[in-house]
Every structure is written in C-alpha cells, then in structure tokens.
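Got a structure for you, questions after.
Chain naming follows the written order as A, B, C and D, and within any one chain the residues start at number 1.
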Amino acid sequence: MEPGTGRLEAFSDGVFAIAATLLVLEFSIRQPHQDLDHKLLHLWPAYLAYVTSFVTIGIIWMNHHHTVSLLGRTDRTMLFINNLLLLTVAFLPFPTRLVAEDLRAPGEEAAALAYAATFVLMAVMHEVWWQYARRNRRLVAEAIPESALRAVDHAYLPGIPMYGTVFVVAFFSPLAAVLMTFAIAAFYLPSAALFNR
Amino acid sequence: MEPGTGRLEAFSDGVFAIAATLLVLEFSIRQPHQDLDHKLLHLWPAYLAYVTSFVTIGIIWMNHHHTVSLLGRTDRTMLFINNLLLLTVAFLPFPTRLVAEDLRAPGEEAAALAYAATFVLMAVMHEVWWQYARRNRRLVAEAIPESALRAVDHAYLPGIPMYGTVFVVAFFSPLAAVLMTFAIAAFYLPSAALFNR
Amino acid sequence: MEPGTGRLEAFSDGVFAIAATLLVLEFSIRQPHQDLDHKLLHLWPAYLAYVTSFVTIGIIWMNHHHTVSLLGRTDRTMLFINNLLLLTVAFLPFPTRLVAEDLRAPGEEAAALAYAATFVLMAVMHEVWWQYARRNRRLVAEAIPESALRAVDHAYLPGIPMYGTVFVVAFFSPLAAVLMTFAIAAFYLPSAALFNR
Amino acid sequence: MEPGTGRLEAFSDGVFAIAATLLVLEFSIRQPHQDLDHKLLHLWPAYLAYVTSFVTIGIIWMNHHHTVSLLGRTDRTMLFINNLLLLTVAFLPFPTRLVAEDLRAPGEEAAALAYAATFVLMAVMHEVWWQYARRNRRLVAEAIPESALRAVDHAYLPGIPMYGTVFVVAFFSPLAAVLMTFAIAAFYLPSAALFNR
C-alpha cells in the first residue's frame, strides 16, 4: 500500500479552514454595551489582527496545497513534521486574540512578541517541512522539474528572516510589528504565492 | 501546472460551513438560570439573528459554488479577492452576536449598523470577485455562454443597493433593519439563487 | 447545467460534523478548581447530554447522506428546506448546553423543553425535507425502486411522535425526557439507520 | 445498495480535524493583562497539553484512515461503534483544558485523571472498533492479506496498557502522567503509525 498524499491533504485542509474561521472568536465586547458604537470603533487592533491572520492563513494554505501537489509520496517523518506545522497554524487564533485585546494597552509588547513568535515558528516548520521533502528529491514526484522545486525554494526562503525581523521590531514597537505582519500578508505573500507557477 | 479552481473551492467550502455552524455560539444565558423559560422567550432577537445569518450564508455559499463552476481557471489576484470575500463571511458571527445581545437594548443601533455594514461589505466583495472574473471573460471557461454570465450579473446586481438600504434603515430603526435582512434571506435570496439556472 | 446533489451534500457534511464537534464546548467548570474531582463527577448531566446529542447527530447525518443518495437532482426549494434542516442541527449545541448546566437545577424544566423542542423541529424539518423530495418522486433518481422510498418512509415516520412525546414528558420530568432522548439515540436510531438497506 | 466506507470516513475526517483545531480554545488569559509576558511563560502546562493532544489526534486520525482503507464494507454496528470512537476524540478538548488550567494547581490530580481516562476510553473504543471489523474478517476487504491485519493488531495492542499506566501514574504524579502522554505522542505513536505499512 503506497502511502499517497491524499490523507495528509484532507486533514491539513480541514485544519487550515477551521483555524481561519475560528479567528472570529477573538472579538468580544464586555457587557454592558452602552457606547457600543464607540467600543466598536476602538476595536481597530482586533480588526487589524483578524485581517492579518486570516489572509496569512489563506495564502499559506494555498502554498501548502501547491507544494503537496509536487510530492509523489510521503512517509512517517513527513507526516509527523506536517502535524507540527499544522499545530502552529491551529495555534494562531490565540496570539491573534492577545494582539486584538492588548495592542495599545499595557500588555502589548508581550502580545506582539507572542504573535511574531508564532509566525516565526510557522515559517521554520514550513521550511523544515519543505527541506525534508525536497532534499535529494526524497518525496518529490518523478515528473516534477528542478525548476518547480527552485521556485518553491525562492518563495519560502524569505519567510524566516522576514518574521524574525518582525519579532525583533516587536521589542521596540508592538504596533509597528503588527503592521509589518499585515504588510507581509497584503503585499509580499500574494506576490510569492505559488498558486500559478 | 494550470491553476484549477478545486483548491479555491475546498478552502471556501470549509469556511462557509464553519462560519454558519459557529453562529450558534452567539447564544448564551448568564447564570443563575432562574426563570430560564422566561429568559429563553426573551432571546427572540438571538433566534432572529441566527436564522437570518444562517440562511444567508447557506445561499451565498450555493451562489459562490455555482459561480466558481463557470470559471475555467483562476489567478493570484482572484485568490486574494476570494480570501477577502471569505474574510467577510467568517466575520459574520461577531455582528450576529451583537444583534442577538443588543436588539431592544441600549446598544441596538450600533449593533444593527455593524450587522448591516458586514452584509454591505460581503456584497461589495462578492461583486468585486465576480467582476474581476467576468470582465472580458478573464477567468471564465470557454464553454460557458454569455447568457449564463448575464444571469449572474442580474442575480448579484441588487446585493449592494439592498444591503446599503438596510444600513441606512438601521439609523432609524435597528429592528426594521434586522427584519429587512431576514426578509432578504427568506424571500429575495432563494428566488435569486443561481442554483438551477 | 443540471443541478446535482454534490454541492448540497458537501455543505451538509460540514455542518453535521462541526455541530457534533462543537458540543464539547458545553463543558465548563468555573474556577476556582478546588474539589475538581467532586465537580467532575457532578457533571453527569453534561456527559449524558453530550453523548445523547453526539450520537443523534451522527446517526441523523448517516440517514441524511443515505437519503440524498436516492435523489437524482435537486431544486431551489429543496435547497432552502435543506438549509432550514441544517439550521436546526447546528442549533443543537445550545439546548445541549442548557441541559448540561441545568438538569437537576432550578431551570431544568425549561432546559429539557428547549432540548426536546429542538429535536421535534429537527424531526419535522427532516420529514418536510423527505416529503418534498419524495412526493410524486419529484427529485428521486429514476433507478431507485419504490421499496427503497418506503424504507425511508418507515424509518422517518416515528420521528415526530417520538420526540413529541419527549416534549410532553419534559413538563412532568425533565430527567425522564432527557433519558428518553438518550434511549432513542442508543436503541431506536441505530435500528432505524438507513445505512445498510 | 452496498454500504461503502466513504460516508463513515467523511464524517470521521471532519470530527478529527475540528477536534484538533478546537484545542486552541483552551488558551485563555484573564484580564487585566498586566504582566502578560510573565503570564504567557507560566502557561507552559497549556502548551504541553496542547502539543500532546494535537499530535495524538493527528496520528490517531492517520491510523483510523489507514484501518478504514482495509475494510471492504461496513454495517450498522460498525457505524455505531465508530460514532462512539469519534465521541471520545471530540471530547478531548475538555480534559485538555482542565490540564492546561490546573497542572501545578490544586485541581491537578483530577485534571490529569480525567485526561488519562479520556485516552484510555479512546484506546478501548479504537480496539473495540478494530476487533469488531477484524474478527473473522467480518468487514475486511477480500484483497487484504492477513499480514496487514496483524500489523494493525500489533500497532493497536499497546494502546490500552500504555494509557492505563498513565492513568495509574496520575494518582501519584499528575505532571509525570501528562509527560508520559506527551512522550507517547512524540516517540511511540509515530513509530507505530500505520501510515506506510
């Protein structure tokens, strides 16, 4: 029974879509709701964190899906690494809520650091995931040309340094760190999307 | 590797179904539960908001699915626009909870405005999504006749003005605005469903 | 473009599985957690409600899936009815939580009534769903013999009277009503499952 | 209409992926968020419980999927047993939250016992599930060799004694019990994964 990639994909698809949709649970307004209009406007850090996390998950999911399509088979180690990657994606709603609740509030530095650290971890796991599959074409399907692998290399390469920079920036300005994460989601990730290469 | 629409659909399907099912989390009754029967009857704004949002998501999902079936391919920009559309759908449980908790209470105007604004945004994103794909048949499959595209045009056209009207009405009567949204879900959307054209 | 049942099934599948898995959110223990062992043992109404709702959703899902497999096509009205059926399924986590929190507590009568009413509504919607599709074989696939339709008729028939009885019992003994619902899930539903007819 | 295993798989897949992703909801920090950095570091029991439960669900899902692929058909009893297995998987987020909140706190013994008991129940249901299908090759597909069945026997055999031991250990040291569960997820389960046999 040759282990295909279908099972790995189905579980991954579910986790990505659910993690993105659970992000909305970060929004909460404590009662009483007097001045609700005022409170809704002051939720802007929550909106910013929601959009940033949602768009990032959406694009990472697309890249994950594309990269899996390059694989011809998988093995136990890959399965375990994939599990750890999903674990970091499924964790994102928690630091997103911290940023939503604490940006421009006393705990903002720790919130931004936790947020950035999650993205760093996600980028590291994505790189480990890819390198394990790609090294010596360990799991790559035969028909896939080297150029397709190099395209993924180039798309994944900036992930760790970019989110590492966000992490460092979070020490100095939590708001700037979150805005950088948003900018990556809005400008860098779409251009690096492996979707139609 | 020609980018098909399958991946876009799978992620979208998940987000629609999860967003609809998460709506139930809006219901909450603070303890103690003395007079629970009384409290359950006074939850009618929550029931109204739940039915309205659930039915709307269900029908929008069907239309999304139908429209995707007209496309022959997709591209990065489409992927990004689709992400933003899903972002508005996945956001709906939050304003639904606001309406559930605040209709007939002090914060009702802001709640109804947030609710209507989410539907306006959703309608705008759906229109942008469709126009991007349809303009010059950019992503439309070759076999699809012009008449099928015009059917979608007609079905989507009233979305923005209808929900825009709801938004304006919310300033004067939050209850009327929510009832209008319900009426759209119960009467207009099913008739405009693209499901069997 | 002949409207198949695939799209209806995918959305339904998602809602069933998510509603069942969201049931776990009913469990909560207020801090402080002193005497946690004691508190966990006193959660038995929550365990009872969880098992009852979970098993019921699982079996209803199987029957829904089987019945859809008898259909050759669908239409707008069916789509709308299916949406309303899913709406009652997705609502179940709320009355389940009420039973979990209030059985053997002051609000138990209202909780059991809300729980039973949800099942009545679900049974009614399932019957409407089936009758709409089956009447004059409106949506039934050609190859399906009459005997297969009658098997579904017989399986669905007792639903409304059974849950209606539970509703009446809830006025006299909330505990008995919940136990009856459990017994239906444990004994009646599996035997009526349409799974391997 | 021969009852295939596809429907059983789709529902199971959904429950596994959703249960894993809901685990993140265990994380919560009570406001005010002063000393958030300090509080985040003291959440280590929550991180430990999250990683343990997530990785375990991921691997059990893979094994479930592999085992279902050995079956040629299913029946009502199997469907019911599968429902009970999923019920224990979907329950895991609750004891995971107890461990997250109470490890190194007054309620830790009860929390670790509840956590271990859930894994014992899960292992028991998995064994019942497998034995029902495998005994006299009741549901096994014809083409499957005996050796493939024995491989599953060996992989599933240690489950109950291992988690039973964790349960006993929890009486003496809750922390040791959780660490053992983590070790099983990190070291034993991947090696026993049926994924590529």
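Here is the rule we use: contacts are C-beta pairs under 8 Å (C-beta built on N, C-alpha and C of every residue); 3 or more make two chains touch, one makes a residue touch a chain.
Keep in mind that what you see is a predicted model, and the values were worked out from it rather than measured.
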item	value
Co-neighbours of chain B and chain A - touch as defined	none
Interface residue overlap between copies chain B and chain C, same or different (over half shared)	different
Between chain A and chain D, centroid-to-centroid distance (C-alpha), Å	25
Rounded Å distance, chain A centre to chain C centre (Cα mean)	36
Residue list for chain D, restricted to those that touch at least two other chains	13-14, 18, 22, 25
Chain contact topology (line, ring, star, complete or other)	ring
Those chain pairs that satisfy the touch definition	A-B, A-D, B-C, C-D
Of chain D, residues touching chain A in the complex	13-14, 16-18, 20-25, 27, 29, 31-37, 39-40, 50-51, 54-55, 58-59, 61-62, 65-66, 69, 148, 190-191, 193, 195-197
Residues on chain D engaged by chain C in the complex (per definition of touch)	1, 3, 7, 10-11, 13-15, 18-19, 22, 25, 74-77, 79-80, 83-84, 86-87, 90-94, 98, 101-102, 105-107, 109-111, 113-114
